[in-house]
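In the part that follows, the structures are each spelled out as structure tokens.
Both of the next two complexes hold chain A, though its partner changes from chain B to chain C.
For the complex of A and B:
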């Protein structure tokens, strides 16, 4: 087990290098000058501009800038943003916001996905099953942006049940609407997969064997159907979990929640390569760790992938 | 030669499937019985209803879309079809057990084989986990799995096809059943392993005076191990006889055709004879005798009504209006 974890961590190092380099190159390739962007219409004195350029190594070649950023990240000296905010402080303030949003939306997504998926799977072609198919098609067809703005308009502006945006109302009020929106756009895939997996498993030969052994339905369900049907579901839940940061960029920006996603959005807008790479590295590390956890869980529940 | 007590007696069993295009009759008025110590082969091609009939009587057929229209299946006088699911579970899985064709998909992939065998003892005998696992290891040993004690905790994918079928057997025989229903137990195996498994079934059967219902499409298997044979075609029983007699003097033209298409050394170098045509779709079974369009001796009268299963000689039944006695058989040939 320890060897397995070590191997995965070592394999992550070259991938991490490629990912960070790629992200940095993309930010570098974006048009526009970051400092002019920051200043807006106001003129900046040439001396200030030069000092800032030197501070952020903006005149160095691409690869030097990248290596300097990586050195800062690895040594823990995150420095400041172009606007002068301390990045370490920013992280301390923003990580809890994103964690709260991510947890809440995952809980919505998983509970809704599993409940609907399981129910539809066992009551195949029933009312819930048909409704689910319709609902999934709608959710998959509607882009996240439309869903978010509709949510804001209906529940925030018209009904006034929930704040339209911002984190002023604290947890949980400010987080409910964005988490609900992320949950709705994410639950459909999970529900469909769970449903299909249940249907497949219920019709499989070993369930027939279990019936031929004279087992009760409850025992067949808990010992034979669910442990097999939930295998692919666990994989998808892991992917969902790891991808939640990507969703947070959009949702936090639209709902104006001061989390990592919003930070990322602002950094991309300002071409702050260092910050973007730092946040990407964080997301990447989380991805690796979550994948590792999923693999370990998977090995525990499916003997066929052990010792691979 | 088999005079044991009648253990399982199926009478007039009829099963239909609901399909979007109307009901389809997969099994029509099938009757057979199996005695203690007897091996009964149910012979037929795929779609002839041989598996559906046993799955229906053990209650493992998906219902719906399946539906038992009529018929009884008595285990020692108690009708399995009429009884409640709860009552049936005390018999199916304990006194009547089953082995399926594809042992890889028929075993739960995420449970160790020991756990799956032990489950029988836990559920039907209420044994403790430890005792049940011990008995499971003994069962693996009985089906001749080498180093059985070390393999109880292994998973199905860690066994070869033949070994997995032995595991299935161990599971089916764990509770010393009276009747074993083996649904094409050797079809997925290669010929040498097939012979080993059949031999093992025969040995274990002799030890316990068990009745075996062997579902197969392989005449070779039938001639090797079966005492009696029931030949099915398009959901009907077309011939019922002792194996030796059926192989020697087949009465129904279908049985005759099957025998004729068996490879043998006499036919070396010649083209293998086949039965012309294909089995009918269950949606469009020909009127009268279902075998009529493929039958070399069919006459107009064959289309009139479904031929009843008639006794042509003591212990021999066949459903063919052209051959109502053994001697008639000779004339027709």
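For the complex of A and C:
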């Protein structure tokens, strides 16, 4: 097991380099001068521009800028953003916000996805199954932006059940609505996958054999159907967890939650390569860790893939 | 004559969303929550901030030397006792009122101004309002040219030779050349003084500003917090606002800020461009609009020989149905000059080529020898409406002049960069709002050779000469006449085609009535309470 983990961690290093370099290159390739973007329409005096360009190494070649950014990240000297914010402070403020939002939305997403998926899978072509199909189509068709603003308007402005935006009401109140929105936009895919997987497994030969052997239904369900049906589901849940950061970018911006997603949005807007790479590195590390956990869980469910 | 017409237009565009009575004030004290649709500032230092959000917030904490009287449009002293030019308008004497203090109890002195301004003028500090001092004698010594990529070194010279302390409350400012409008520029809040303890270590006071204005911090202000201010009883100037406490809440997404208002959580917010058509029904009796301010243009690239003939430019201008375009933009009026209508010196009939006339447009185009190839219109993909506006203008040029048109969408900073290096193909949009209320602040930046915001890269020595004359003219009315001559020259050459002027809309709760002035616009800070 230890060797397995070590191997995965070592394999992550070159991938991490490629990912961060790629992200940095993408930000670097974005057109327009970041300092001009920050200044808006106002002219910037040459001396001020020169000082800022030097401070953020904007005149250095691409690879030098990238290496300087990586050095800052690895040594923990994050410095400040173009707008003057202390990045370490920002991380301290923002990581808990995003973690709270991500956990809550995943709980919504997983509970709804698994419940509906399992139920629809066992009661195929029933009312729930058909409603799930309809809901899936609707959720997949409605863009996140529309869903988030509609949720904000209905529950925040009209019904006044939940805060419109901001983190002032603390956990859980401030996070309920954005988490619900992320959960709704994400649960459908999980539910569909769970349903299909259950249907496939229930009809597979080994389940028929188990039934022919005279095993009890409960035993068939818990020992034969679920462990096999949930394999692809666990994979998707892992990917979901890592992808939640993408959802947070939009949700935190619309619901004005001071999390990493909002930070990422600002940084991309201003073409702050250093911040984007820092946040991408964090996301990447999370991805690696989650992938590792998924693989371990995978092994626990299915002995065939244990410690591969 | 033009001024009267201008006034009529200004008044016509002045909105009147009456407030219903009742009020939702929760307590007896006068407090308001103002939503600011912008990323929260990371520090408060007016000298190092030129963004609308930061300066807006600083206005509550700091006080300017002079201000514009919202009722009369005249200059009003705040921290200054008097601001007087010498005969040539080159050296200005600023006398401060005695008895004003900073919020730490120290008196506000002439030295505070001179030292704060010197700090800002030093290029290596990279403070954002550095450019303001480029007019002051000695600026170049503090801002030597830096080779590309090099870090500007702190200069040996630390003070502007044009700034001289006379006594504890008096200092003089010597400019490089005479400038009759300098007194007006002193109302910019970005010139507010910092007290000595802040000047010694500005970084330590990023989030705990010590101002000389009507409000002070009411609670610690950490990243992610609302900015909570309380009335400071040491403020002695006569223009103190009414509110006892003010909370600024930063909501970067303007649509979210709008929803926060509709939910009753904030007392004041801007109407974002996406809600221009619906705000009157969303919040009946809770809106106000400002007089049209700022001006928006179509920029002709002066470096492109295909656009060189002024007749061609006039043909483009005559082919644009400004009324229809202003309706498309919303809350806007067709522009018939280069100056915003809320300026002293604005003439509503300044432009002779701005009335929609397709026949005349075709004729002018023929006289100019036509235009070869498609006209490219650049628009900003950063703006939600960029493409729509570009297509509207493109259709007018296509239908009324029979020209081929194409469109290019780019990020606005990229468009600016391309234009700066003369590599941009075709037309683009631009807009300008003044920093101080003088028509000179439209003409110098946009039309003077090498002006700060010379979008078209236009240059005409005749115009530069008239501007210089206006700058040297101490009589304000005569100066305006000279500036109007400059506007006439610019309209004949037409590097910028006037399009529209826009008013802004704001929503306010029943508890407050924002101050609406045709001179200084709409202010929540100076709202009255019901």
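One rule holds for everything that comes next: the second predicted complex is superposed on the first by the 302 of 308 C-alpha atoms of A that agree within 3 Å, B and C clash if a C-alpha of one lies under 4 Å from a C-alpha of the other, contacts with A are read in each partner's own complex, and residues count from 1 in each chain.
Just so it is clear, a residue touches a chain if its C-beta (ideal position, glycine included) is under 8 Å from a C-beta of that chain, and two chains touch if they have at least 3 such contacts.
Everything numeric in this text was worked out from a predicted model, so none of it was measured.
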Combined model on chain A: chain C and chain B, fit or clash: fit
Chain B versus chain C as contact partner of A:13, first or second or both or neither: neither
Partner chain(s) touched by A:167 [first = chain B, second = chain C, both, neither]: second
Which partner reaches more residues of chain A (counting touched residues only), chain B or chain C: C
Touched partner set for A:214, first chain B, second chain C, both or neither: first
Touching partner for A:55 - first (chain B), second (chain C), both, neither: second
Touched partner set for A:253, first chain B, second chain C, both or neither: second
First, second, both or neither for A:228, with chain B first and chain C second: first
Touched partner set for A:302, first chain B, second chain C, both or neither: first
Partner chain(s) touched by A:157 [first = chain B, second = chain C, both, neither]: second
Contacts of A:93 with chain B and chain C, given as first, second, both or neither: second
After the two structures are overlaid on chain A, angle v-u-w for chain B, chain A, chain C in degrees (C-alpha centres, nearest 10): 150
Shortest span in Å between Cα atoms of chain B and of chain C, once chain A is used as the common reference: 50
Interfacial residue positions of chain A with respect to chain C in the complex: 30-34, 36-37, 39-48, 50-55, 59-60, 80-81, 83-86, 89-90, 93, 149, 152-153, 156-157, 160, 163-168, 253-256, 258, 262, 266
Partner chain A, residues of chain C touching it in the complex: 39, 41-43, 50-51, 123-128, 130-131, 134, 143, 145-146, 148-152, 206, 222-224, 226, 249, 251-253, 255-256, 259-260, 262-265, 410-414, 416-417, 431-432, 445, 452-453
Chain A partner contacts - residues on chain B that touch it in the complex: 55, 58-60, 62, 88-94, 97-98, 100, 102, 105-112, 119-120, 123-124, 155, 157, 168, 171
Sites on chain A touched by chain B in the complex: 203-206, 208-216, 219, 223-224, 227-228, 231, 301-304
